[in-house]
Every structure is written in structure tokens, then in C-alpha cells.
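In the two assemblies presented below, subunit A is common to both, partnered first by subunit B and then by subunit C.
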Partner chain A sequence: MEIGDFRLLAPEISLLGCVLLVILLDLFIKQKRILATVSIAGLIVSAGFTLVMWGTPPVVILSRTLAVDAFALFFKFLFLVVAALIILASQDYVNKFERFQGEYYALVLISAVGMMLLAAATDLIAIYVALELSGISLYVLVGFLKDQKSSEAGLKFLLLGAVASAVLLYGMTLVFGFTGRTCLMCIADFLQGMPATGILDNLALLLGLILLVAGFGFKIACFPFQMWVPDVYEGAPTPITAYLSVASKVAGFAVILRVFFVALGAPDWMSLNWGMLFAILSAITMTVGNIVAIVQSNIKRMLGYSSIAQAGYLLVGLATVGMATGSDTSGQSGLIFFLMSYAVTNLGAFIAVIAISNKIDSDAIDDYAGMGRQASLLAVALTFCLISLIGLPPTAGLIAKIYIFSGAVRHGLLWLVIVAVVNSCISAFYYLRVVKVMWLGVPPSKEKVPSSWALRTALAVCCLLVLLLGVVPGSFVSIAETATRFFGS
Partner chain B sequence: MFDIIFWVLAAVAVGAALAVVLLRDIFRAALSLVLLFLTVAGIYVTLYADFLAVVQVLIYVGAISILIIVAIMLTREVWHGNPPGRLRIPALIVCLLLAVTLIFTVMSTQWLVSGESPKTPTTMAIGEGLFGRGGFLLPVEITAVLLLAAVLGAIVLIREK
Partner chain C sequence: MSVGLEHYLALSAVLFSIGLYGVLAKRNAVVILMCIEIMLNAVNISLVTFSRYVVPLLLTGQIFAIFVIVVAAAEAAVGIAIIIAIYRSRQSVDVDKFDLMKW
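Presenting the complex of A and B:
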């Protein structure tokens, strides 16, 4: 009976229980810090369930709408870790919306549930609903400060997100109309059985594919769907900016991998085409992100454009997946390793920004002058994360780039790797400018920058992971290789 | 017979949709939107989708239209109307290109056609599809959580800081 399948949903269900507990406790408790503790506890319990299920044979449950496989479990764990770090890092920030702390934690957790389901969903309808679940919570969280900039950012995000959802839905209806099914494995079976005529003879499928890329492209902010990034990142509360740039993007890549690898990747006559599509998008995305990032004077906008550039590097991995044939999974494992390293690095950078900007009450890069003396530890951590974003040793960024680029070279994407390396050099310019301002600038005051132990813990965890991924990548690579095991591959 | 009804409804739907975008007066645009919702419900009827048609009338023609109209009534300076955008011409070109592509794709594709005759009434089949074995139970459950998120969001947005 299907009810038994629900036990495999334990991570999501336990986290939802925690959401309800947070909402209820919020009514009675004056000391709002307890809510953060409850949220973290819920995330730990959920992560525990995920870890227990790691290593079990992959299955699909609930009439082919949800997969429980290494791929899904890995991403669930990653989202849980990211959400926990975000909640820890929010401790210095939540006093800006005193009255809504319960709702804040609940929405962060609900969004995490949505992303966990998104990584596991194997049915177009389930994918869409999960996407909306994470989306709606994020729309509200972006506008959470309720000042002019934040509201504008929330509205922009909502409107563009709605358009992207509509485009995605249209793509899904075309795929459904063409194949007559919504579950990804069934679509793959249908396409396998079709005569290999080339995708140009099946226009509806091609158009559906393009619209799907457009819809998901909004989520990962690749060119030409990156317009929302700078304004939304600037206006949103900084912890939510970090959440958007990390979890939301990772979820987008997870769902693209599953949709394109499981449903549309199987027959050779199709896979080559979408590999090239992603390669071209990748080259444009990283170039646009890096070049516009140079002229930014606001650190949140700068990190926004930098995250667009990073999405470009990640797309190199997707292109490799599309070009690879047979059982070669170096593209997937490279992409997953890069996602891990990107998540911890970017999160670390944003957490440092939260602490510093909170004190100086400004996001302008010029105001970071002299932070090296005013807040040495924060500045060291930020410098370390920025170095990792460039891809210099001894950090995660270097290993991730080597891993993902070597896979691309092996599959005939040398030109793309050259573009990416040139882009990395360009990116060094704007990352190092922040470092220069922090260490060589003259501080306006000698006052120390305060930060809570929660934020420092989160920052320390991020930096430690960046270092570990960079120095002893072996065990993480094997995790990434295990996580490429989809159901149906 | 159904062909004629479909084409009439389709023409009205396209006209109403154009009116929503082109009319300067927001209130009239909103009323055109109601008309659009109604014609879509009519198209559902011609497709034997009785349950969907009723839901369309109840939710879109009923609830959502009223919500939009109340929102317009509560908006100050609504008489300024739809400000003319600078990107009118590019938007028109993009929309036309999109329309041509979509129409060409839809016309040139061999769609799968089911030989089965339509089920009447559809309510029971939809219920089984949603809650029965092999149905879409998980998306239904996720939608419930989605509503919870929407309620939380509404509370945050409405209450004073």
C-alpha cells in the first residue's frame, strides 16, 4: 500500500512538523531565540533521517512522483546544512524584524522543504508544485524588511518568478502533449521508443525543452534570465540573499540535472543538442556576470553578479553531462562537487558580509576600508572565501574548477574551458579589490565589529569546509561520485 | 457545431486578452480579464471538462475577479491608468515572434490523440486521479503546504512592522 511509502518521506515530514511547532510556539513564547533553537533542532533531526537513508537502494515512491536515491538524499542533506547555517547567521539580523521572527524561521524551513522535494521529484507536476513551494516562501522572505528597497525587490522577484513559472508550465505542457506522460522515467521510455529522427524534426519537443531551460534558468539565474539578480540581492535581507544565491541555485541545478538526465538525456540523438545549448549559455553567462561585476560598488550587488558568473562555471558541468555518452558520470560528479564548494564558499562570504554590514550599516565596498584592523577574523574569513571564489589554492574553489574543467576538456569542450579560465582571471580583479580595500584601507574608527557566537559558528563551519574541500578533497569526491546515482540511471 | 462554438469562444478570448493588455483604463482591463476567464470556462465545456469549467467559474470568474476589482478600488491615483511603456514596440515584436513560433510548432507537430471517448462526468475520475492509487497524491499534499506558506506570507505582508 502506498501509505507505507510515507516513511521514506521522513526528512520532509519531520521538518514540516518542526515548521508547525515553530508557528505554534511563536504564539506563546516571548523569547524568540528559542524558535531559532527549535528550527535548528528540526533541521538536525531531518538531516539525521537523511543520513540513515543514505546507502539504501534507490526506489521511486508514491506512484512515480518522488525518488529516494543517493542524488536526492545528497541534495536534501546539503539544503538542510545550508538552511541551518542561514538560521545561525540570521541571529545578528533578525532584530530588524522583531515581530515576524516566527514567520521568518517557518518560511526559511518551508522553503527548504520545497527544495528538498524539488531535488527528489520525478514527475513534472510534482516538480512544478515543489518549485512553487520554495518560490512563494522566498518571494515573501525577500520582501521581509518591508522598506522601500526590500518591497521593490520582493515585487520584482514575484513578478519575474511568475513569468518564469508560466514559461516553465508551457514547456511542461508541450512535453506532456508530445509524450502523453508526466513522469520522467515514462517520458524517457517514450523517447527511447521513438525513431531517431533528430530533434529538429520534433519541433514541439524542442520548443518544450527550450521553455524548460528558460523556466529553470530563472532559478539558477543564467543568461538571459539574470536581470532580477542584482536588484533582488540588494534589496533582500542579507541572510535571504545568501539563501537565494546558494540553496535556490543549487536546487535549480539539481532539478535540471534530473529532468535533462533522466527524461531527456537517454537517446543519443537528443543529448548532443542540449549539451551544446548549455555550453553556449555557459559562456555567455560567465562573461556577462564577470564583466558587469567589475563596475559594482555595492558588495551585495557584486556578489550577485559573481553568483551569475559562478552559475556560468556550473553550466560547464551541465554541458559536459550533455556531451558525455554512455556511463561516464564525470560531468555529474564534477558539477555536484562544484555545487558543494560553491555553497559553502558563497555562504561564508555572505555571512561575513552580514556581520560587517550590520556594524557599519552600509553595503558599499568603499565603506569596508580598514576592516582588516577593525574586524580581523571576519576579514580573514571573507578574504579566504573570496580567494576560493577566484579559484586559488588552498581552497575548495580551485579543486572544484579543476575537477569540472578537466571533465569538460575530455568531452571536447576545450574552447569553453578557455573562456572559463579567462573569466576566472577577470573575476580575480573585482574579488581582490574587496580584499585590497579591507586590508590596505584606513579604518574610520577603531571600534571592533561585534558578532554573535551563532554567526561566528556558522562562519567557522563554512571556512572549515572550504579548507577541507580544498586540502583533502578525496572523501568529498567519493561522496559526489556516489551522489550521481539517480533512480533509473 | 462544436467547431463554430470553439472559434467564437477563441476569438472572444483573444480579443479580451488583447483588451487586458492594451486598454489604458485599469478597471476596464480588469473587466476584460473577467470576460477572458469566462470564455476559457466555455472552452472547457466544449472539451467535456465539466468539473474544470465549474471550478474556473467559481475561482477565477468569482473569487479572483472580485479580488482584483477590490484591489483596484483600494488603489489611490488609479485614474492615471496604465502608463504607456517605452518598450511597447520591442514587446510587440517579441510577442509576435513568440506567437508565430508557438502557432507554427503546434500546427506542425503530430500530437498524440487518445481514441477514448470523453468521460462524463469527470468529477469522479479527477478525484481518483488525485487521491486514488497511482494518482497525484504527493502534489496534492505539497499544495497544502504551499497554502500554509501563502498564509504566513500574507500575515507578514499585511501586519504593521
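Presenting the complex of A and C:
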């Protein structure tokens, strides 16, 4: 360990400093809006450090526990952008809890630090600690409103999350016991040297692998660990729902990609097995998510199920990574591009929902009737994001789906792509129902729905990115391809 | 017969299963939290065992166990806080009664 290592941790350390500053200022400052400004300034500084490091050769620091490579830096930047947009989008919402605004911002930032470390972690211990750092702060945030629904959501999330992390730990223990190592590169070295027997001959490793998938599966909400999603999404404060569905899920995919590709990706007999496992999970996840979403009447629950379905499409990318033998990285870059597009699209949809719900004080889809006339810009933005979630032109969703599915077809997953395309058609039904209610429904009143400039800015940024990713995807694709450069691959 | 690797692992597996059973079967939120602690302690036993028998010269497993203990304490603190918050509004910690939101 060297002092120079800490220089490479500048994004995380500066953000932690900002968290402390926010908590400290909260004690003295009456005008709580300043705290939001400080938080966003901290995020911008941290993002600046991340950008400066982009393009430097990949290294591992602190006794091989954290990697500073293009992959980690890309995800750090993504989490910082998402956290900044969430804080902007919370500006109207925070008035609901007069007293604890400082804590709210601090917790959002701390969980962002946890996710940044999660994307960089290359050691099982570091992965566990980073996962819990982001997880525990999210448990608190979900129960933040302290009303009945919010506390119930917080309790459900905490209990299920704690069980999932215990299961994950047991899996990590078995992998550690089998290989005697906790650092991912060392595990990979150990597995390389093993004779090429089937995975069924190594029961401890097989069980460890399944438990790892179960533990991480909770984080990304894939079948059969998706049960918590609708309840937690409905009960949590809406900005936190957005944060959960975007940042937390992206962090889950980042860590799965690193663990499975770096540590367990090397011998072909191993990666083919987990690739197929992810392919099967993917087919079930997207089908369950889409079918149950059809009958939902609450927009937060509907977006919850839709995010389960999106996790299904994302798992197609993971399955491709597993099935691809050799040096083809189209699975990874497809997954990263889809994550980028999913993050901005879903965030945009949720910010529009925050703005509308804030005014009409309801999450029922029927109450969105006539929103096209009451708040035209918000309705246009929401429609645009929903179209992107379906995957229609000219949006990010279409390009992302083509990219990820074409990779899957090339690696023999044609059946999975057919399931996914059928699912996309099913999903159009419930997304377009919201659009129909908004534009064709009769508004209960002529009153306009106002929104603050902060929300509008955040929404505009999201919609602009959705459009850019859909119209000029070239430069974003090359970013995604650069971001597939792991340390040790 | 001396006590060896497999005995400790069996103990750990049994404890883990007892904890998981408790989580699934019990109705009191505090008891569920206790069962989760049992699961984490089962993990600690197997971590220390593997460390002792697989890599006796390194302390990786023991250090991992210490991290788990610390994180478990943080998790329990947050858990109890959320349970108190929900008890204040519902006068109950029975998870069967927390059914405001259902599909």
C-alpha cells in the first residue's frame, strides 16, 4: 500500500468529504436549499476527478482490493450523474420532510459512494462492504417518510436485503473456501489451473455460484428475487424509487459483470454454465415483469414491474458475456450501452412522475387523465421516455435493444432474443395505456400543473440524453466499448 | 475421532439453515432480525474454518469475519430503528399485519 494509491481514490474521498460538509452545515444553516447546492457541487467535483482519470492505464490499488480501470471510471461517472439528477429532482419533494433534509442529501451521497466503490471492487471483502454501504443507506432512505407505507416498505426492503446479503456472503465463503483467495484475479488464476471437469463435479463451487447469483439477483431484482420491488417502489419516496431503480440496479449489474467475467469467466466450461443460467433467468424475469405490469393501476408499481422486465433484457447481455468464448466483448459493450440508455430513460420517466404526482398527489394511472392538456411539456417528456422503454425510434431504447440482441444472436441465443422481442411487444400495451390516458383522457380541471426549474432541468437533461443516444449513438457506443476494459482482462 | 473441517462446516450449514427457516417461518420482525444475525454468524464460522484449514498462513477469513461482524452491527441498528418507526405508527411488529401494499 502506498500513499499514492489514495490519489486514485480522489472521486470517492472528495465525495465523502462533501457528505461530512453537508452533515456539518446542516447544523448551522436554516436555508436548506444551500445543502442541495453543496451536494451537487461535491458531485461535480467528484465527476471532474473521474473524468481526469479517464484514459489512464488500469491499475489495482490498496492490496488488490480496488481497480481503477475504464470500467470502474465509467460507472463512477454514471452514478455521479444519476445522484446529481436525483438531488435536482428531489427539490420539490424534500418539502414533505421539513426537518431531515441534510440527512436525506447525505444518505443519497453516501450510497453513491458505496456504488462507486462497488463498481471498482476487485476483492470479495471489498465487494461485500461496498454493497452494504450502498444498501444500508438505501434502507434508511426508503423508510424516510416515516408514514405507514414508507416504513412498511423500509422494513420489507431491510429484512429481504439482509437475508439476500447473508446468502451472498455464504456464497462468497464457499468460493473462498474452494479457492483459498478473496481477490477476483487470484480466484481466476486458481480456476485456470483446474482440470476441465464439468461444473457438476465441483459441488462446493456450484453451490457457491448459485448463492452468488441469488445474492446479486436481489440487487438487480431478477426472478425469483423480484418480490420486494413493487412494494418497496410504491412505499418509498418517489425520488428514492427512481434512485433504486436506476443507480442500485446499474451497480448490481456492474458488480455481477466484474465478478463473473473477471473471476469466473476464464475456463469455457465454467462461463458457458453461468451464461446459460443467466439466459434462463432472463427469459423468466422479463416475462414475469411484463405480464404482471399489465394489471397494475399504480404508476410507481407499474414502473417497478417494468424495471423488472428491463432487468430481464439486461440479463440477455450477461448471458451473452457467458456464452461468448474468446476475446469478443460485444456482450459487455452491449450491456454497458443498455445500462446507459436504461439509466437515463427510467430516470426521465420517474422525474416526470415525481413532477406530476407532486401536484395531483396521487400515483394512480387513472388520475393522469388529461395530463396532456394540464401539463403538456411533462406529458411529452413522459411519453418520450415510455416510448424509449418500449424500444421505438428515435430513442435510446431502440438502439440499446438492437445492440444487445444482435450480440446475443451471434452467440447462439436466438431463442432468448425471440422471447425478448415478444416481450417488448407485450410491454408496449401497458406503456401505451399510460400515454393514452394522458392524451385522450378528460382532465378533471383546467388547472395547470406547475413544476420547479430544478425538476425541469433534470427532466430536460434526461430527455436530451435519451434523444442523443437514439439519434447519434456512435460516440456513446465507443465509450461503452472503451468501458469494457477491465483490469486483468 | 477428532473435530475437523467437515464438522465445523456442518455446524455452519445447520446454523445457516436454522436462521433461514426462522426468517421464513417467524412473524415477529425482531425475531426475523435475530434469525438474520444467526445466518451471518453461520457464515463467520465457515469463514474462520476455511481460513484455518485451507490457507492456515493467511488471516483472510478472520479479517473477512471481522468485517461481517461490523456490517451486521450497522445493519441491526438500522433494522431496529425502522422497526421502532413502524411500531410507533402501527402498535405492532407482526410482519403479517404489514400488508398495506399488495399486488
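Here is the rule we go by: the second predicted complex is superposed on the first by the 488 of 489 C-alpha atoms of A that agree within 3 Å, B and C clash if a C-alpha of one lies under 4 Å from a C-alpha of the other, contacts with A are read in each partner's own complex, and residues count from 1 in each chain.
Here is the rule we go by: a contact is a pair of C-beta atoms (placed from the backbone, for glycine too) under 8 Å apart; a residue touches a chain by one contact, two chains touch by 3 or more.
Because the structure is predicted, anything quoted here is derived from the model rather than measured.
Once chain A of one complex is fitted onto chain A of the other, the partner contacts of A:Arg301 are limited to subunit C, with no touch recorded for subunit B.
When the shared chain is aligned, subunit B and subunit C each come close enough to touch A:Lys146.
Look at A:Ile125: by the touch rule set out above, it reaches both subunit B and subunit C. Legend: residue contacts after superposition of the two complexes on their common chain; A:Phe97 is shown touching subunit B, with no touch to subunit C.
Of the two partner chains placed by the overlay, only subunit B lies in contact with A:Leu203; subunit C stays clear of it. By the document's definition of touching, both partners, subunit B and subunit C, reach A:Gly180. Contacts of A:Leu315 after superposition: neither subunit B nor subunit C is touched.
When both complexes are overlaid on chain A, the residue A:Ile136 reaches subunit B and subunit C alike. Common to the subunit B and subunit C contact sets on subunit A are residues 125, 128-129, 132, 136, 139-140, 143, 146, 174, 177, 180. Those residues of subunit A that touch subunit C in the complex are listed here as 124-125, 128-129, 132, 136, 139-140, 143, 146-149, 151-156, 158-159, 162-163, 165-167, 169-170, 173-174, 176-177, 180-182, 230-231, 234-235, 292, 296, 301. Only residues 2, 16, 19, 23, 62-63, 65-66, 97, 99-100, 103, 106-107, 110-111, 113-114, 117, 121, 123, 125-126, 128-130, 132-133, 136-137, 139-140, 143-144, 146, 174, 177-180, 202-204, 207 of subunit A touch subunit B when the two sit together in their complex. Only residues 16, 19-20, 23, 29, 32-33, 36, 39-40, 42-43, 46-47, 49-50, 54-55, 60-61, 63-64, 67-68, 71, 74-75, 78-79, 81-83, 85-86, 89-90, 95, 98, 100-103 of subunit C touch subunit A when the two sit together in their complex.
Subunit B meets subunit A in the complex at residues 101-102, 104-106, 108-109, 111-112, 114, 133-139, 142-143, 145-146, 148-150, 152-153, 155-157, 159, 161.
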